[in-house]
Amino acid sequence: MSEFSVLQQKAESFYPNYGRKAELQHQTHYCPGCGHGIISKLLARAIDELGIQDRTILVNPVGCSVFGYYYFDVGNIQSAHGRAPAVATAAKRARPHSVVVSYQGDGDLAAIGTAEILHAANRGEPITVIFVNNAIYGMTGGQLAPTTPVGAKSTTTPYGRSIFNEGYPLHVCETLASLEAPVYLERVAIGNIKGILQAGKAIRRGLENQVNGLGFSLIEVLSPCPTIWKTTPQDAQKRIREELSKIYPVGVFRDLTGDRGARPAALPAPTLNELPALLELDAAHTFETPDRRPTQAVDWRIKVAGFGGQGVLMLGEVLAEAGLAAGLDVSWLPSYGPEMRSGTSNCHVRLATHAIDSPLISRPNVLLALNEPSLRKFVHTVEPGGWVLYNADTLPPDCRRDDVNFVTDSFTKIADGIGDTRVGNIVMLGALMEAAHLVGDEQVDAALAHTVKSARWLEFDRKALVAGKLAARRIVQGVVQ
Amino acid sequence: MPKQLIKGNEAIVKSAILAGCRAFYGYPITPASELAEAAAKYMPLAGGTFLQAESETASIYMLFGAAAAGVRAMTASSGPGISLMQEGLSYLAGAELPCVIADIMRGGPGLGNIAPEQGDYNQVVKGGGHGCYHTIVLAPDSVQEMADLTALAFDLADAYRNPVFVLADGAIGQMMEPVEFMARPVEPRHMPWAVEATPETRKNLVTSIYLEPDNLEAHIRKLEAKYRRCEREEVRFEEYQTGDAEVVLMGYGITARILKAVVEQLRATGLRVGLLRPITLYPFPVAAVQRLARSAKLFGVVELSTGQMLDDVRLALNGARPVEFYGRAGGNVPPAEEVARFVRRIARQYGVAVAEEELAHV
Amino acid sequence: MEGTHMATQIKPDRGMVEVNQEECKGCGLCVDVCTPKALQLSTGLNRYGYHPAEYAGHGCNGCGLCFYACPEPGAITVYKRTLAEPVAA
């Protein structure tokens, strides 16, 4: 014996004994002559040859190969039917140095998992997909697969696949080849030893691409399923040669391995100390709120309403920020959704010296109505003694009340005078501050500086604030009460 | 301490990153989209991954992959998207993978609408996926809690190796309140069972398959024991004026905020009303309900639904006290005055006296 | 004369195979791929009831193809002769 040395033996990437299997721990669960066994061996061999056993992650969804983790001595993630490309995507992104293999059947990849495979391929995820096309559902006992040939019988096409009922066989390599991202797509066939050796080369290249940091690789393997095809292992390979290879021609559908450079490496992660600033939680974006609340108890319940585009939500936000700067408890609750895009928009702002219970305001003591429908909708909900600011010169007769304070002016027109109609909301804010003194001027200014990011707009807003105050000074004396 | 006025949805993302979350996979849906948008902005800056997936199904399995590879990961969605995730949640629980899902509830069933509702309670708290599993469910009622409970969610997910939900409604998600974020960011942690593509973790296997009935049963018993421990150790709730309460109101999320206002209004009229607010919906504060049942005459449950948490209250009480329900749905959020009318009605119905009358009797 | 005859008879095989009877499922794919017909299916059964493949004892040229044709990870081990000439007997 000493004159012989080992040429081919069980790959290192296989467990010597399959301890995760309940019984027959030295045999696979595959049927005699099954293509899965051959493909597994080719994959294990390639892993050995590339020396990547320690960093390989195998993702097995359901199908006859669901128990890949019995055999492969690599990191194993078992996943749901069809979802392996999504799982593989995230595992790869979580561990960029890994070599991630998604091993999927044709039911898995080409039926239930079409969205996941298409999008993983289209994103160019740098993973390797082994796609085992045996033109049938093996594990569940022989139902139609999307790849089943036209006319072929299966347990769910007892009269044969009909193009009018089930459509045509799905061509995965051809479909994926219509995408720009994939780097390598090849179809091989376990139809004879030549095909097997070619499959071995293709699988190895698929892994190599990943090792070299290239993008998405998929190897489709036409694979015999003697059991469900109800034939011998030999005739099963014959069917691959004579029938399936005609429907699914073997060959390379995409090879950009020479053209595409390695994908850019991830940027180094920031230190933990840098995080708060990156999350905009530094001093420039937060308020160092006063420790003590204002002594005089207040509970401003403000409703701001108008049409989308009038700056309703922003006005509310500035109010809430100003309240926060003043040491009050604050809340801001918008009406949201399509309403924001057109139609009416409103928000509820509460500023209080006590902890705010409901942020929902049904009985406001301040109403900022930027248009007539808003006034009409809410004016009667205002608490007696409250404030109503209305964006027009005169009050519609049916909105008159003598138990609330009205401040009416065309704030938007004043804004036009300043140079931009869009600061009408801030003119109204100025008027409100002058009339009702919710919070101090410095706090409103600090809030504006916080909310408004552009220096140009901040200037406009500051002007608008002053104009609003002047307007209110005029009106409040005349109109109020 | 510095505070930031911030939307609930954005607070979740910032808090998650501070808590060491480095992967966000999601699909846009109102009223949860700000989560994906904030994650898209901040995750890359933090050295993490953000990816807009092709569907919620893909998102939840991307969480599966990230969690299996040992990274703190999260997603966010609302009713229709959460329905799609149910399959993956069962797999995550079965494979014992930690991750966090934020559900910012909207109106259902079907497409429903995008206004705030609480109709996802059953599918989230009871679990819409197959098999014997639970998800841990935290229900914030303020933006501060959106931040705090998100950080807690990651810790519980790790401790129990189980998916954890932050279940909020559109109102809590969309509103802004001041938040004080955690002072010190958390270092991304290492999980010994994860598949990290290293020699040390090569033998690791993440799976939900247990082929032999005995093995699967043992696994299920192990999960069950974990859930029992969770029920013993992780129940969280807030009591508000329950000390002498004759009527105990129960609600969570935005409803609990309204109920606090209701308690204030009714206390002012002499009615002894209190609020029991579950913070963990699973595990449900069963013992707290039973303790209050000893002194209270009556329970009132209020939800933005036709009554889902209601079932858990009834189960906890097991007939010990009457339970009345008030629900609004379809995106309607009742003002405090409307709920107060309901409480006054049931108080009268069950003969709960106002305090002045009681005093007069003495 | 006898010696010459002996030399052709024992013209050394370039290879040798071992079939793990416990692992083999008797599919016969290795037998088909072996052009020198150095493999055959046993007439006996292994304990699973398969007719396992077995090495005929001679004729292997060490091509290794049976290894690739076989679906079982460790059913076949192929050896190759390391010495060019046999040590004289």
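Letters A, B and C mark the chains as written, and numbering starts fresh at 1 in each.
One rule holds in what follows: a residue touches a chain if its C-beta (ideal position, glycine included) is under 8 Å from a C-beta of that chain, and two chains touch if they have at least 3 such contacts.
Remember, predicted model here, so these are calculated numbers, not experimental data.
Student: If I average the CA coordinates per chain, which chain comes out farthest from chain B?
Tutor: C
Student: What chain lies closest to the overall centre, CA atoms only?
Tutor: Central by C-alpha mean position: chain A.
Student: Rounded to a whole Å, what is the gap between the Cα centroids of chain A and chain C?
Tutor: From the centre of chain A to the centre of chain C is 56 Å.
Student: Which whole number of Å gives the spacing of the CA centres of chain B and chain C?
Tutor: Inter-chain centre distance comes to 65 Å.
Student: Report, in whole Å, the distance between the mean C-alpha point of chain A and the mean C-alpha point of chain B.
Tutor: Inter-chain centre distance comes to 21 Å.
Student: Considering chain A alone, which of its residues make contact with at least two other chains?
Tutor: Where chain A is concerned, no single residue meets two or more other chains.
Student: In the complex, go through chain B and note every residue touching chain A.
Tutor: Counting only chain B, the residues touching chain A are 1-5, 14, 17-18, 22-23, 25, 30-31, 42, 45-49, 51, 53-55, 57-59, 61-66, 68-71, 73, 87-88, 91, 95, 113-115, 170-171, 174-178, 181, 184-185, 187, 195-199, 201-209, 211-212, 254, 257-258, 260-261, 264, 333, 335-337.
Student: Inside the complex, what are the residues of chain A that reach chain C?
Tutor: Spelled out, the residues of chain A in touch with chain C are 3-11, 14, 16, 24, 26-28, 30-38, 40-42, 44, 71, 193, 196-197, 200, 226, 233-234, 237.
Student: Within the complex, which stretch of chain A touches chain B?
Tutor: Listed in rising order, the residues are 20, 22, 53-57, 59, 66-67, 69, 73-80, 83, 86-95, 97-100, 115-116, 118-119, 123, 266-270, 272, 275-276, 278-279, 281, 283, 285-289, 317, 320-321, 324, 329-334, 336-338, 356-360, 362-363.
Student: Please give the residue numbers of chain C that touch chain A in the complex, ascending.
Tutor: Chain C reaches chain A through residues 15-16, 20, 22-23, 25-29, 32-33, 48, 50, 62, 64-65, 67-74, 76-83, 86-87.
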